[in-house]
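In what comes next, chain A is part of two complexes: it sits with chain B in the first one and with chain C in the second one.
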Partner chain A sequence: MLLYTRRAQRIAWAVFAFFFLLLFALPFGVLVLAAFTKQWNGAFPSSYTFSNITAAFHTDPLDGLETSLITALLSSVIALVVGTWSALALDAVRNRVGKTLIQTVFMLPIAVPSVVVGLALLVAFSQGPVLLNGTNTIVVMAHSILVTAYAFQQVSAAVTRLDPAYEQAAASLGARPYYTLLRVKLPLLLPALTGSLALCFALSMGELGATAMVYSADWTTLPLRIYALDDRGHQFVAAAVTAVMMTITLAVLLAVSRIRTRANYR
Partner chain B sequence: MTAVTELPPPAPAVPGGRPSAPANKARRSLAWLWSTPPILLLGAAFLYPLYLVVKQAIEGSPPDPTNPFKVTTSFMDTLKDPGTRTVIKNTIQMAVYSTVGCLVLGFLLALIIAFVPFPGARAVSRFIDVFLSFPSFLITVSIMFLYGRVGMVNHIASALTGGRHDTPINFIEYSPWGIWLAELIYFTPFVMRPLLTAFSQIDTGQLEVAASLGARAGRVIWQVILPEALPAVFAGGSLVLMLTMNEYGIVSFTGAKYQTLPVLIENFAKEQTNYAGACALAVINIVLSLALFAGYRVLLARMSGGRRAAVHA
Partner chain C sequence: MAATEADPTARRTGRGSGGIRFDDVTVAYNGNVVLDSFTLDVAPGEVVALLGPSGSGKTTALRAVAGFVRPASGRVHVGGRDVTDLPPYKRGLGMVVQQYALFPHMRVEQNVAFGLKAQKLVAKSEIPARVAEALRMTGMAQYAKRYPRELSGGQQQRVAIARALAIQPSVLLLDEPLSALDAQLRSGMLAELARLHRELPDVSILYVTHDQIEALTLADRIAVMNEARLVEVGTARDLYKRPGTEFAAGFVGNSNLLPVTVAECAAHGDGSFRVTVRITTEGGAPAGELVTATCTEQAAAGETRTLCLRPHFLGLAAAEHHDNAFSGTVSEVQWRGSAHRIFADVHGHEVRLDTNELRNPPAIGDEVWLHFSAEDAVLIPAAATGSPSADPASAAKTTPAKGTPSEPTPTAEPTPAKNAPVKPAPTAEPAPAEDAPTAEPAPAEPAPAEDAAR
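This part shows the complex of A and B:
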C-alpha cells in the first residue's frame, strides 16, 4: 500500500485506467471490430459483415494459415529439443568461461535483428554446396534459430531453479544418469518445457522480419499475407485474418497451459 | 543395496554438488562432449552464415565479369552515404525514445498494479501479458484504425466540433511519433513483467515504516522502491533497447518515410538485390545494438552504485 487517502488512490486508478484503455484495451477492441466491418466511414462502422471472416478462410489466406501452423509447430519442437539439450548441457559444465561462452552463443539470435538472421541465411544458402534459397526449409530454419534462443533462455532459468536434492537422492539410490534425467529431471522441468513450447509457437506465428527475407511464393506465412492484404488496401480482411490468427494462437497457448503434471501440484 | 552404503555423503555447500573429485574430471569432459552437438548445429545454421555476412560486408560483392553494371558497394561506401547516416541516426533515436517511454510508462503502471491494488488488477496484468505473444505489426494496424488520419478518434472529434477540426490527431502515418506510439504499446509489457516480479518481493513493511516516519509517496518510491527494483528496470530496459533497435514489423507497417536499419536492410536485399550493401548495414546494426547495450549497462551500473551508496550512508 502506497497511497493512504481515498482521493490519492482514485487519482492513481484514473491514471491507470486512462493509459490502459487508450493504449491496450481500445487498440485490441478496434481490431476485433474491424474484423467484422463491412463499411467504415464515420466514427463507428456503418455496417457489419461476416464475409471478412469467411474471406479469411478462403483458399488464399488459408494456405498461409497451414504454412504458418506447420512452420510454427516444426520450429518450436526443434527449438524445444535443441534448447533443452543445451540448457541441460550448460548446467553440467562447471567451467565459468565455458558457461558464459555457451550462454552468449545461444543468446546471440536475440541480440541480432531478425532481418539479419534472414539475411545471413540468404547469403549462406544462395550459393555453395547447400542451396536452400526459395525452399520452405530455409523459412523453418530461420524460425528455429530465432525461437531456440528463447527456449534456451526459459529452460535454462528453470534448470538453475531445480532443487539438486532430487537428482542427488535418485543418484544415491543407484539411478544411472540417463534414468535420472528421464524420470526425475525432465518431469520436474515439464512445466517450463510446455511453457517455452507455447512461447516459441506464439513467437513463430507472429514472426515477420526474418520471414520477409527468406520466404518464397509457395511458402508464405500468415503475417506476410496480412502485410500484403493491408498493402493492397483490404484492411478489414487483414483484420479478420489477424483475428483468426490470434484466436488460433491463443487456443494453442491455452491447450498447452492445460497440460498439467504432478510437478504443478508440488 | 551395497551401492547406498558405498556412496559418500553428498557435498553440502556446493550448489548441485557432485560426488567426489576423481569422478569429477571424467564428468566434466563428458559434459563438454554433451554440449557440442547443439553448438555445432547452431554454428552451421547461424554462426557460419553470420560470419559470411561480416565477410561480405568488408569485402563488398565480387565484381561480376559477365555483368559490368553490377553494383559493388564496399563497407566504406555504405558508411559514407548521407542516406545511411540519417537512417542510423533514426534507428538510435527511435530505440532510445521508445525505451525511455516504455520504462516510464511500465514503471508507473506496474507501480499502481502492485501498490495501489484494485479489484481485477491481476486480470488486467494478464491481459497486458497477452500482448507479449502478439506479432508486433498488429499494434500498428490497430492504432491506425483508432488514431489514424481517418480513424475513430478523428471522426469523433470532427463530429463533436461540427466539422471545424477535421483531423486533430494527424501523426500516425506522417511522423515518427506513430512508430513511437506503437513501440511504446508493444514493448511496455516487456518492462512490466520483471518489474511486477520485483515489486512482489518488496517487503511492504518497509513502505509502511517509511510512510509512518513521514515520507510522502514520492519519496517512498524514489528511496525505497526504486533502489530495490533497479535490477528489474535494468533487465527490462536492456531487453527493450535491443528489441527496439532491431524492430522491423512496426516500422515497415507504418509505411512512413521514416526508415530504420532493419527496414533498409530488407529493402537493400530484397528490392535492390544489393547483398553487399545489406551486409554492411547489418554489421552496422549489430555493432550499434551491442554498443548501445553496453553503454546502457555502464550507465545503470554507475547509477545503481551511486544510489546504493546514498541509501547506506
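This part shows the complex of A and C:
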C-alpha cells in the first residue's frame, strides 16, 4: 500500500474524487442531465422532459445508431483479425530493422489526425480502378484502418509476453503449428483479444474525424448525427442521442468484459 | 482403418527402438559457439545425465534433440533416424522443462490428452484410458479435473511428466525438471523418476541437470560438460570413483583437488598403479609426508599431478597416524547436526573433511592428521592436464592457503571460478548436497566411524 495512515488515505481519496468528478463525472453528468432538459437557464435545468429521448428514438438518429453499431462491429472484428494476424506474424520476424519499421507503419494511422486518414481514402478511391466514394465500404475501411493500430498494439504486447515454453511444449507433444495456434496460443491470448475487441468497438463508435470525410447520406454514423443536431441548435436532442449511444456502448463493453473475466486463467 | 490407427503409434513412438545419437553436433548463436563438436550415444533404455554448470551447453544439447535449436553442423539421430532436419512436432519425443509449461487454460486431463489429440495417435475412444494410465503412473489420478494453477509445484511437475509419457515416447528429455522444487520435494521426485524408469525400461532418458546428486542417483551414465564441450563421459560410479579429469572430479561429488609431486609409481596388478606422492607447495616444491594413491596409468617420478580426495573418505587422527596421512592445522570446524565438516590447512592447501558427528571435535588451530586409504585417493590422469582446469599451477592458485570455506573444493559446486564465469541462478544451487551428506553415494569405507569415537 502506497499510503499507510488512514488520514493520508482519506486525503488521497478526496483528491482523487475531486479530479475524477471534475474530469469524468461532471461532463457526462451534465450530458445526461441535458438529455432530460427542456430549458436550461441557470446553474441547473429549469424544466425537465422526456421528449428529447422520444425524439432520439423516433426520428432518424436511430438509423444512425444502427449504422454505427454495424460499422463498429465490422471494423473492430476486421481490426482484431488483421491486428492479431500481424502481431503473430511480426513475432516471427527476426530482422530487427524490419520489425521496427512495420511496427511504426501500424502506428501511422493514429499518429496523423483522423481527418487525414479519411482524406487519404477519399483521394485514393474517388477515381478508378476501385471506386468506393460514397459507399458504406469506405466508412468501414476508414474505421478499420484507425482501430487496427490499437488492436495490433494490444495483441502485440500480449504475444511478446507469451512464454515460448507453451508453444514448444505443444510442439514436443507433436502438435503442428496450426493446431498449436488454435488450441494453445489463441486461447492464451484470449484476454488480450477480447480487450482489444472492446477497445476497437468503443473507438469506432465514437469516431468522427475520418467519418466526416468519407460518409454518405445513407451511411451516417451516430457521432455525425449528433454533431449535425448540435450544429442545428438541437443541443438537448443531441444530448439525448448521446445518452442512448453511451448506454448501448457500455452494455456492449460490459458483455465483452464478462467474456474477458472468464478468459483470465491466472 | 484400424490398421492405420495402430500403425502410426508403432512408427512414431517406436518403443524399444529409442536411443539418441549426437554426431559431432555444433550449435552457435550469432557466431557464439554454445555447443562444440558434441558426440554422445544414449542407448535405448539408458538414462544419461548431462551434468555441468550454467552455460556449459547441456540444455542446448537437449534442445538440439527436441528440435528447438538447429545445429550449425553435425547430425542428431533419434531411434536410428536422422532427425536433424525434422521440425520438433515430427520427432515424437517426450519433453519436460523446468517451468513445466502446463497449458493454464486446460484441466489436468486435457493437458495430458493434448499430445494424443494433436497427433491423432490413438482412436478417440482410447484417449481417456491412456490419460488415466499416465496419471496413474505419476500418482495424479485424483487431480484430473483440476487446473494447473490449482496444483502445487510438485504436482504440476508430475502432470508435466504424465503429459510427456501419454504419447508413449521412446525418448524422454528432462530439462532440469526438479530445479524449481524445494529440496524435500526434489528428493521425493528423484525417487519417483527412478521408479518411473523401472516401469518404463525401454525409454531412453536424457536428463539435463547441474545437480550432481540428481545425476548420480538417476543416471546410468553421466556426461560432464563445461564451456560448450563434453569433458568426460562414463558410468556414474566410474566418474565418481576414478574421475579422468579434474573438472569431473570437482563437479561430480565433492572433492579436494591437491597438486602433488610424484615420487614413485608401481603397477598394482589389477591394471591400476600405486603412486607415492608429496603435496606440492605454492612455491612448487614437494613438501610433507609421502602418501600412497591410486592411478589408472603410469606416472613418472617428479611429475606434478592433481590428487582427488573425497572429503568423506578422509579420517581424522590427533596423534601421528601410522601410514597414509597428511598433517595439517584445523582452520574451521562446522557442526552440521549429524555431521562435522572440518577444514584444515595442509601444507598451504585447504582440505575439507566430512565425517559423522564427532564427540570431541578438534578446535581451530589444532594439529591433526588426515588419513585415507590408497584406493580412495585418485591421481587424475595426465591427459587431463590439457584442459583449462587441470593445470596444477592454476589449481594451486584457486586453492588458497587460508581461504574461506566457500573456495572451490568445499562447496557442492566446486568449480574453480575461472571455469565457470557464469554462476548458476540462486535457485539452481544444488543445496541438498550440502545438507545431506548421507545422500552421497556409497561411502565404501566406514572410516568416519572410527573417528567418531576419538
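Criterion: the second predicted complex is superposed on the first by the 241 of 266 C-alpha atoms of A that agree within 3 Å, B and C clash if a C-alpha of one lies under 4 Å from a C-alpha of the other, contacts with A are read in each partner's own complex, and residues count from 1 in each chain.
Simple rule for what comes next: contacts are C-beta pairs under 8 Å (C-beta built on N, C-alpha and C of every residue); 3 or more make two chains touch, one makes a residue touch a chain.
Keep in mind that what you see is a predicted model, and the values were worked out from it rather than measured.
When both complexes are overlaid on chain A, the residue A:Pro129 reaches neither chain B nor chain C. When the two complexes are overlaid on their common chain A, residue A:Ala89 makes contact with chain B while staying clear of chain C. Legend: residue contacts after superposition of the two complexes on their common chain; A:Tyr166 is shown touching chain C, with no touch to chain B.
Of the two partners chain B and chain C, more chain A residues are in touch with B.
Of the two partner chains placed by the overlay, only chain B lies in contact with A:Leu108; chain C stays clear of it. Within the superposed three-chain model, A:Gly233 lies out of touch with both chain B and chain C [touch as defined at top]. In the superposed model, A:Tyr179 makes contact with chain C only, not with chain B. Residue overlap on chain A between its contacts with chain B in one complex and with chain C in the other: 168, 171-174. Residues of chain B that touch chain A in their complex: 3-4, 7, 10, 15-19, 27-28, 30-32, 34-35, 37-39, 41-42, 45-50, 52-53, 56, 105, 108-109, 111-113, 115-116, 118, 124, 127-128, 130-131, 133-139, 141-143, 145-146, 152, 155-156, 159, 184-185, 188, 204, 207-208, 211, 217, 220-221, 242, 245-246, 248-249, 252-253, 261-263, 265-266, 269-270, 275, 278-279, 282, 285-286, 289-290, 293. Here chain C touches chain A in the complex through residues 12, 66-68, 87-95, 97, 99, 101-105, 114-115, 118-119, 121, 147, 149, 163-164, 167, 173, going by the rule given at the top. Here chain A touches chain B in the complex through residues 1-4, 8-9, 12-13, 15-16, 19-20, 23-28, 30-31, 33-34, 42-44, 82, 85-86, 88-95, 98, 102, 105-106, 108-117, 119-125, 141, 144-145, 148, 164, 167-168, 171-174, 199, 202-203, 205-209, 212-213, 223, 226-227, 230, 235, 238-239, 242, 245-246, 249-250, 253, going by the rule given at the top. Looking at the complex, you find that chain A touches chain C at residues 163, 165-166, 168-177, 179-180, 183-184, 187-188, 190, 265-266.
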